[in-house]
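Note sheet for the following structure.
Order as written gives the chain letters A, B and C; numbering starts at 1 within each chain.
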Amino acid sequence: MAMKIGEGKFKENVNKNMEDTFMRGAVASAQERLRTRRLDAAEELGNWEEWRSHGEEIRQHVLNNLDYYLHELAENLQKRGGHVFFAATADEATGYIREVVNAKGGKKVLKAKSMVTEEIGLNQVLEEEGCTVIETDLGEYILQLDEHDPPSHIVAPALHKNKEQIRDVFSEKLEYKMTSKPEELALHARETLRQEFLTADIGITGCNFAIAESGSVGLVTNEGNAGLVSDLPKTQVVVMGMERIVPTFEEFEVLVGLLTRSAVGQKLTSYITALSGPREEGDVDGPEEFHLVIVDNGRSSILGTEFQSVLQCIRCAACINVCPVYRHIGGHSYNSIYPGPIGAVLTPLLGGYDDFKDLPYASTLCAACTDACPVKIPLHELLHKHRQVIVEREGRAPISEKLAMKAFGLGAASNPMYAAGSKMAAAMMKPFTKNDRISNGPGPLKAWTEIREFPAPNKERFRDWFKEYEKGGGNQ
Amino acid sequence: MSNVKVTLFITCIVDMFQADVGKATVEVLERLGCDIEFPMGQVCCGQPAYNSGYVEESKDAMKKMIATFENAEVVVTPSGSCATMFKEYQHIFHDDPVWRPRAEKLAAKTYELTEFIVNVLKVENVGARLKGVATYHPSCHMTRLLGVKDAPMTLLKNVEGLRFEPLPNAHNCCGFGGTFSVKMGNISEQMVDEKVDSAEQTKADFLIGADGGCLMNIGGRMERRGKPIRVMHIAEVLNSR
Amino acid sequence: MIHHRDSFLTNVARQLGRSRNTNVKPERNWQFRPQDKTLTDKTPNELLAVLRDQCQLIHTELIETTGEKLAGVLESTVNLYGGGPISIWQDARFEEFGLGGLINSTWPEQKVEVNEWNAARGRKNIADAERANIGITFSDMTLAESGTVVLFSSSGKGRSVSLLPRSYIAIIPKSTIVPRMTQAAQEISRRVQAGETIPSCINFVTGPSNSADIEMNLVVGVHGPVKAAYIVVEDR
């Protein structure tokens, strides 16, 4: 699996996924719960806006000094005995990890949930090498068992599945014989995976934030799986998107707090682990060998552009949890492992407009995403910027739309044309009008009236009324 | 009491489709002691093209609007979204030494109707009367981008005879989004349906909003589905006696 | 080993429109510092109250006791959680807090298996922790706001003790309680800047493990402990 998932076109996916009533109900109720939890967590903190502003300034500072901090991180991790590989592309990253795994003779690879490893298609590469790759995050584990069903949400990847479907998957793949109670399902996963933890050769995790001053890697989970993945196998590989770094533990703390509150409404999640290289002399647990792979894969081409702020993202999914479009179409419609508003901004930047030019239009620009973002990424503005680039720089807009907008430009800006056009509208629409309503409009109105009534233009426009009203002396 | 001179930016939707909202706006403001001026040179604020990515195509309309309104004392408009657009001009012309200062001047004196009544005129009760149960849809641009959150309810709470039921998931967009409503019609339909269903759950007689675009969307869908809820612009409610 | 750093970072700097910076520490002039005024005005007793409230939210039992009663409280808590086998850190604080008798006499007499982490025994420690019903550690720093114990690993203080057993008990000397993660981060950062080597693993543990991955239902106890208890002991 790489960043792109599925083959269908955006509109076909939407039509298909909107038929999935379970998924839509699950998304709606998850959104409501997560939104409430986030708002409660923010309110409890009190000065949330100040925290957001601090989060924003930290992220901006890091991006503007990214070369310095990545250099410092690598230096410090090397001092702790860790290996660092800078990967310009997905292939370079997976190639290095494949070498590490082969060099250790690793057969069983355990993973803790990581979006960037999905993005670079790591599991597939390792499986082709003959490795058994096991996802340990409960949600990811379920998806992996179910023939690699792609994630539909960056924090709750199996959001689109119900417990009966999960029970069926467990029955088929794990000889599970209990009920669809979440507690029983989770316990079964715990017992099955515990044996895997104890016998794994290689542990692979993502990285929520690296800490430059100490060469550390911070992992945030509720299940404790990242802790186990980094505790038990003898070799650990950490894969990080190159922008996921902070200068010191002080900024780490701020961003972790913003992440956990925004993602799940918790003050902190159950496990936050800061790893600084391999185990020390005399330690019994923890990896003997520690590799950090820092991935660019298109990110650097966003730096220094009008889209740079998208790299502030801390992958909390708050924008996804408030998006009214995601609510109805679900994560799989986006054709990307990054769905929702953040996905609609990021995916075309990493994957190009050829495959993803519809995504920036999958928004009403309602700005709920911008409002929810804990590091103040102006998401709706970036969606709008994409549209501008698609129209002006890429010239990819449909010709009919271009002509209509050109006409709009002329018509709206010129007073005589606007006045004439708006005056004529009522007469022109007369054949389609019944009881002051248009139910089956012509041309561009058709798409509107397929769904809703359209009001007939006023026979007397407001401006005509006002002219008469003023002549009559107004309210005097 | 010396009268406040208000220059009215009526919006193209009201001008062409919702003239009654315009009339109500004039009558409410006059009753509150404002002198209304309506420059006939006003056109569309440019938002439909702008939001679709046609920034250059929309700039002429924006300049026309700046030139038309820049000498006003205050500009008032019965739309949160269009007021937001007037405030956006200064960013769109950020690198234009001629138009940026003019856009900044315009932004500083532009008000959405309810914001103007509550924050500038300092009036919280306009003496309106309307009997029935109402629910309120807070439109996205008005609450999130313009930041006008409380003024509409401040005024509506004081309408005699009106009782309010909260709209479930009020924060969710109604699915209008300008060209989104036709470009992504199928998604828009689901969004507006949820809004209509939410309104129906409240058993309200009226669904009130402060943006013509949203109301055209919600109202148009309600009519199509034969729902008996009356969709009203807040100016019409405040003008009810 | 560091691979491909130069080409990678030269490109990053170029995209940022400047030459590469490897040695001039960027100034961090933050305009906002909300953490400086979050819970910083609380007395130790008020912080304990914050911790107490938070424990209700994180499915963690909070027991408060004195130095004299600690051994008895720990013994009964262990019984309540189903007894041994027990895994503990090799930690001088067990003696300091008067738990030597319980660990070295009482439990062995009761045939409760206790395994103290001991580097000399290698991976046997992990197997013991995996078999353990209860893992017990001290808290090195305790974050009142989030109900978090901070654990600094070392050769005698294995990571597995707080992760692998079915239940986890943290002994929290009251003096370790600080307002929030801010203070722990500042302490760790201070050590880094003083040139000290920080532990290769620092764990911030907040209650038992949990997951909401199945239909958003909270399940307590996934990969880590299913139950957690904190015993706060007066030490000043």
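Keep this in mind: a residue touches a chain if its C-beta (ideal position, glycine included) is under 8 Å from a C-beta of that chain, and two chains touch if they have at least 3 such contacts.
The structure displayed is predicted, hence computed values, not measured ones.
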item: Those chains which touch chain B and also touch chain A; value: none
item: Closest chain to the centre of mass proxy, which here is the mean CA position; value: A
item: Which two chains share the largest set of C-beta contact pairs; value: A-C
item: Where chain A and chain C are represented by their mean Cα positions, the distance between them in whole Å; value: 30
item: Distance between chain centroids, defined by C-alpha means - chain B, chain C (Å); value: 53
item: Residue list for chain A, restricted to those that touch at least two other chains; value: none
item: Chain B-facing residues of chain A, complex; value: 11, 14-15, 18, 32, 322, 324-325, 327-329, 361-368, 370-371, 384, 386-392, 397, 401, 405-406, 408-410, 412-415, 418-419, 422, 425, 437, 439, 444, 447-448, 450-458, 460-463, 465-467, 469-470, 474-475
item: Of chain B, residues touching chain A in the complex; value: 10, 12, 14-19, 22-23, 26-27, 30-31, 36, 38, 40-41, 43-44, 46, 48-49, 51-58, 60-61, 63-64, 140-141, 144-145, 169, 171-173, 175-178, 180-192, 194, 216-217, 219-221, 223-224
item: Residue numbers on chain C that touch chain A, as the complex places them; value: 1-5, 7-13, 15-17, 20-22, 24-26, 28, 30-35, 38, 54, 58, 117, 119, 121-123, 125-126, 130, 143, 145-148, 153-155, 158-160, 163-164, 181-182, 184-186, 188-189, 192-193, 197-217, 219, 221-225
item: Contacting residues of chain A [partner chain C, same complex]; value: 26, 29-30, 33, 45-47, 50-51, 53-54, 57-58, 61, 64-71, 74-75, 78, 80, 83-88, 92, 96, 136-139, 142, 156-159, 162-163, 166, 182-183, 185-187, 189-190, 193-194, 197-198, 213-214, 216, 222-225, 227-228, 230-232, 242, 247-250, 252-254, 256-257, 264, 266-286, 294, 296, 300-301, 303-304
